[in-house]
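In the two complexes below, chain A is the common chain; its partner is chain B in one and chain C in the other.
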Partner chain A sequence: MRETLRYVASRLATTFLIVLGAMILLFALSALVPGDPATALLGPAATPEYVQRFIQEMGLDQPWYRRLFSFMANVFVGNLGTDVLSGQPVTQIIANVLPYTFILTFTSIGLAVAFGVPLGCYAATHRGSLLDHLLAFVSVAFIAIPSFVIAIFLLLIFAIWLDWLPVMGAGEAGNWLDQAQRLILPTIALSVGWIGFIARLVRSSMLETMGENFIRLSRAYGLSNRLITYKYALKNACIPTLAVLGMGVGRLLGGAVLVEIVFSRPGLGRLMFDAISTRNFPVLQGTVLVVVLIFVLTNLLVDLSYAAIDPRIRRQGSR
Partner chain B sequence: MNPDLPMIAIRNLKLDARTEHGPAHILRGIDLGFGRGRIVGVVGESGSGKSTLVSCLLRLLPSNIERLEGEILFDGIDLLKLSPSDMNDWRGRKIAMVFQDPMTALNPLFTINTHLRDVLKRRFPQISAREARERSLAMLTKVGISDASARLDAYPHQLSGGMRQRIVIAMALLVEPDLLLADEPTTALDATVEAQIVDLFDQLRQDFSGSIVFISHHLGLVAELCDDLCVMYGGTIVETGPVAEVLARPRHPYTRALLDCEIEDDHGGRLATIPGEVPSATWAMDACIFASRCAHVADICRTGPTALETVAIGHKAACKRSREVLP
Partner chain C sequence: MTAFAATRATFARILSGPGGIVGTVIIVLVVGSAIFAPLVVTHDPDALDILNRFSGPSAAHWLGTDNLGRDLYSRLVYGARVAMMVALFAIGSALVVGTLLGMLAASLNARGERLLLIVFDIISSFPSLVLALAVVAVFGPSTALVTAIVAVTLMPHFGRVARAQMLTLRHAPFIEAERLIGASPVRIALSHILPNIAGPLVVLASIDIPVVITIEAGLSFIGLGVRPPLASWGTLIYDGYAYLSDSRVPVIVASAALAIATLGFTLFGEALRDAVDPRLDREGR
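Let's look at the complex of A and B:
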């Protein structure tokens, strides 16, 4: 128990340091970008007086350490600055799109796990069977096809030709059925690649585990195949899969932008993309910071689940 | 069940594995029988087929097996003819196994209690979790583990190699098998721990009614523990019989050479070795298997393979010249 607590504390400390580092990097990025952020944002047509006022309002005339300090102090109280274009608080803008990104990310990862893990187990236990070969082919194909291509095909087939599902946008606010229906195709588009990836990964780590001596021992004692596969081997095979899932969540959070564009969904990726194209620094900074935060927290969760699964990691962490 | 029949009767067991250089004859026709309550020591160099022999008894063989012939009669039932699911029914019920390397034999992610409980539940489906725990505790104490309750809740990495081997032995005894296979159970352990584990086997035989097949490359250890001795060489049995008889009057030059290789005080320094190499497993065996390394080899030895012949009551050796050279 003390081992576990110490492990959790050490992971939390690391997480905090990573977030701090990310904030410093983000600040440096905005400070180091060539050109004057004020002219970049306001465009060449702005009058010198207006530029001057803008610089003062944004605090751009302050020395860098002052700016860094106020940036961090603001972040800690949840203030990510103001959108220079709309004048809205960045925190509010992000909070508006965050639920859509969260739902899409977790339904996609959930679907990928729900299909990938059993398929991988099946392929490992029926090595060389027709389904194993078929799965290998299909997985590689799905990993290779970019998700937006799949998104366009899904859109064409299920929304336009067959007209089974409504698409475009995230759905009417408050209408859960409509929102759920509009979630289906983006979720599938994002998860097929991950299904293939997770299935391959589970298959290979499962096969590796199946060759271990302790599995031979379970067989020598006549334990059922089901018990050996789903209790003893799967738990071992989970560990590499978890690491990939942690990365997957991070990728989907900010990387779903193309699928979001195809389906006209709001989301963090979309927000970030728009902020880059309009050089909207406060929004970009805030969005990246939120993505970093979620990514780091997900990895903290992955580390903690490692420790829950593998008693040896608990001990290493506390040393 | 016929009481006159030995519990285990292996007849002309042959096993070939697929390799790049053609079939490898891992077992070249094994004949071996023993009764209930015996401890049979199987000795031989690495590659002599002794581990494969126990794998055959469990029918847990690697996938590159090309040919498996002969009979393994267990109380008159041929294990090689059983369906896979019937064979699985024998494992962990009538046959149990202790593995060579205790460091890798237990799953690192599960407690000792989980390991023992699952094996017990498979053997005695009616058993409750509480009773399984009680039996496990009693058995751990019996195999010499102190503070058994804490050990039961420990993970494998928290225990030493010797302790893990005791746990695997406890697992084997918990299922109350008729046949216990021990595949070099002490090879991976320190010399002092090895002696403890051998003592443990010696104590356990008092209450254990089944038979034990104890594989080792250490002749002295087998002499201490076993009733019968079986010497393997190149996938064949070259000599078999009661331990005392075989060690006192070895009738095969290989057994004799093995005995000379054992560490003894009066050797005056150098250890004896057997010159040459074990013949390749792909060799077709058109002569005595030991001919290439035998100090007493003669023309008659090269006329074909040598079969086991009875040289005394219960004592067999596969040497055509045993009466001349080892009287």
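Let's look at the complex of A and C:
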């Protein structure tokens, strides 16, 4: 019990430090924006009086430590600042596009697990078969080829050449069928690499588990092969898969940026890209922070559930 | 076994499987084009020929021309050069800095070690592409910046492996013997431990090459990496994608080149890993 508490406490502390580090880094970057931030944001047409008022409103005349402090204090109460161009709160802008990225990420993870786990299971139980060899090659190809390249090929083949699916954008609001159709290609593009990855991981960890003593013992007791494979071996094979999914969320978010741009879908990636093109640093800063938060919290969640499933992790402490 | 014989044995093992052979052929082609780019191209990669834009593959232009009539084959060859330069400098510096920091972490007291590990954790906790976006937004896109960002995000990989390897070696009899005859810790670390932990680090470096190629191409694709007119696979894909309605050839050719290159380096890296140590920790890859 004390071990568990200590593990949870140390993971929470590390997570807090990481978020703090991210905030300091983002603040330092915002201070490094070349030129004076007021003219950079307002554009050359702004009158000197307006620039002056803006500087005071944004607190840009304050010393850096006060600005850092108020930045952090605001973040903790959920205030990410105001977008100068549209006048909307940054939190609101992010909340508007967040569902699109979440849907894309979750359907991709779902698809990757739905295909990767059975394929890996089959390969492990039919080791050396034709499908096992084929899967070994295909999964390397899936893992190696960048998701935005897969996105471009899918776009060329299924949207332009065969003209089977509508692409570009997320679809009309309220039209579920249209939205679902436009989700298909981006989801496949993002999940293909993870299907290969999960299939390989499940295969190798199942093979490893199948050689362990407790499996041999269950065999000696005369338990059925089916029970051994699916109940014991698969359960153990799921532990590394879970860990990888935690890491995967971050990479998926990174990949989603490019895939959203290829398919012109709204989302966090598209928002960051547009913020960079218009040099809108408050929006970019807020979005990056939200992405880091999602990433860090998923990792925390995965690590804790990982420790709950496998007691060996707790005993090691945090490395 | 001498170092030369060991290297030869490793290569023989890489070439013993189909994946290793395909991977080696691809990387020889890519690295060869990168090094000998001026000798193997058929045209100046930046020479414009507006009248001949979007011409399909022909004897004069092997893979056709792009939106400004530039020769696609020659641009792809120079794109290989950019990708290899970024990979070389990014992975090289990540390897050197990461290994030194990892070895330092292994030799420090518990508090110093923990601090360095937390730094590694913080860096790994940034989704690297997103970090790149924030930095590029401030400093503007450039090849050097892309290289530096990739180097920083890869550094913890090498740091963790170097630390773990050094911890397992620290109490090996031959290291204890060095310590007893009075060799300085720096000398022990650099001339006795380093050569013995180099294998896994080199494997990690080769597995990271396709990752770096992907990040460089991805950033260049959205205009935040290598700047035009310099030919990078990412900018070539973008140019093709932007003019998709005029011709599908450029985007297909450039995407295929990137896909083949990343596949080749991945196959080679995995064959190298299996050849050096089949049970090497995969670090969740």
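Note that the second predicted complex is superposed on the first by the 264 of 319 C-alpha atoms of A that agree within 3 Å, B and C clash if a C-alpha of one lies under 4 Å from a C-alpha of the other, contacts with A are read in each partner's own complex, and residues count from 1 in each chain.
Methods note: a contact is a pair of C-beta atoms (placed from the backbone, for glycine too) under 8 Å apart; a residue touches a chain by one contact, two chains touch by 3 or more.
Since the model is a prediction, treat every value here as computed from it, not as a measurement.
*Asks:* Just chain B (first), just chain C (second), both, or neither: which does A:Leu242 touch?
*Replies:* Touch partners of A:Leu242: none, neither chain B nor chain C.
*Asks:* Quick one: is A:Arg216 in contact with chain B, with chain C, with both, or with neither? Answer first, second, both or neither.
*Replies:* A:Arg216 contacts chain B only, not chain C.
*Asks:* Examine A:Leu60 and indicate which partner it touches, taking first as chain B and second as chain C; both and neither are also allowed.
*Replies:* Neither partner.
*Asks:* More residues of chain A are touched by which chain, chain B or chain C?
*Replies:* C
*Asks:* Would you sort A:Val257 into first (chain B), second (chain C), both or neither based on which partner it touches?
*Replies:* Second partner only, chain C.
*Asks:* Examine A:Val138 and indicate which partner it touches, taking first as chain B and second as chain C; both and neither are also allowed.
*Replies:* In the superposed model, A:Val138 contacts neither chain B nor chain C.
*Asks:* Residue by residue on chain A, keep only those touching chain B in one complex and chain C in the other, then list them.
*Replies:* On chain A, no residue contacts both chain B in one structure and chain C in the other.
*Asks:* Under the definition above, what is the set of chain A residues touching chain C in their complex?
*Replies:* Checking each residue of chain A against chain C gives 14, 17-18, 21-22, 25-26, 29-30, 32-34, 137, 140-141, 143-146, 148-149, 152-153, 156, 160, 240, 243-244, 247, 250-251, 253-255, 257-258, 261-262, 272-273, 275-276, 279, 281, 284-285, 288, 291-292, 295-296, 299, 319.
*Asks:* If we count contacts the way the header does, which residues on chain C are in touch with chain A in the complex?
*Replies:* The touching residues are 19, 117-118, 121-122, 125-131, 133-139, 210, 214, 217-218, 221-222, 224, 237, 241, 244, 248, 251-252, 255, 258-259, 262-263, 265-267, 270, 284.
*Asks:* Mind pulling up the chain B residues that touch chain A in the complex?
*Replies:* My answer: residues 58, 60, 88-93, 96-97, 99, 101, 104-110, 118-119, 122, 155, 157-158, 168, 171, 175.
*Asks:* In their complex, what parts of chain A are in touch with chain B?
*Replies:* Spelled out, the residues of chain A in touch with chain B are 212-224, 227, 231-232, 235-236, 309-312, 315.
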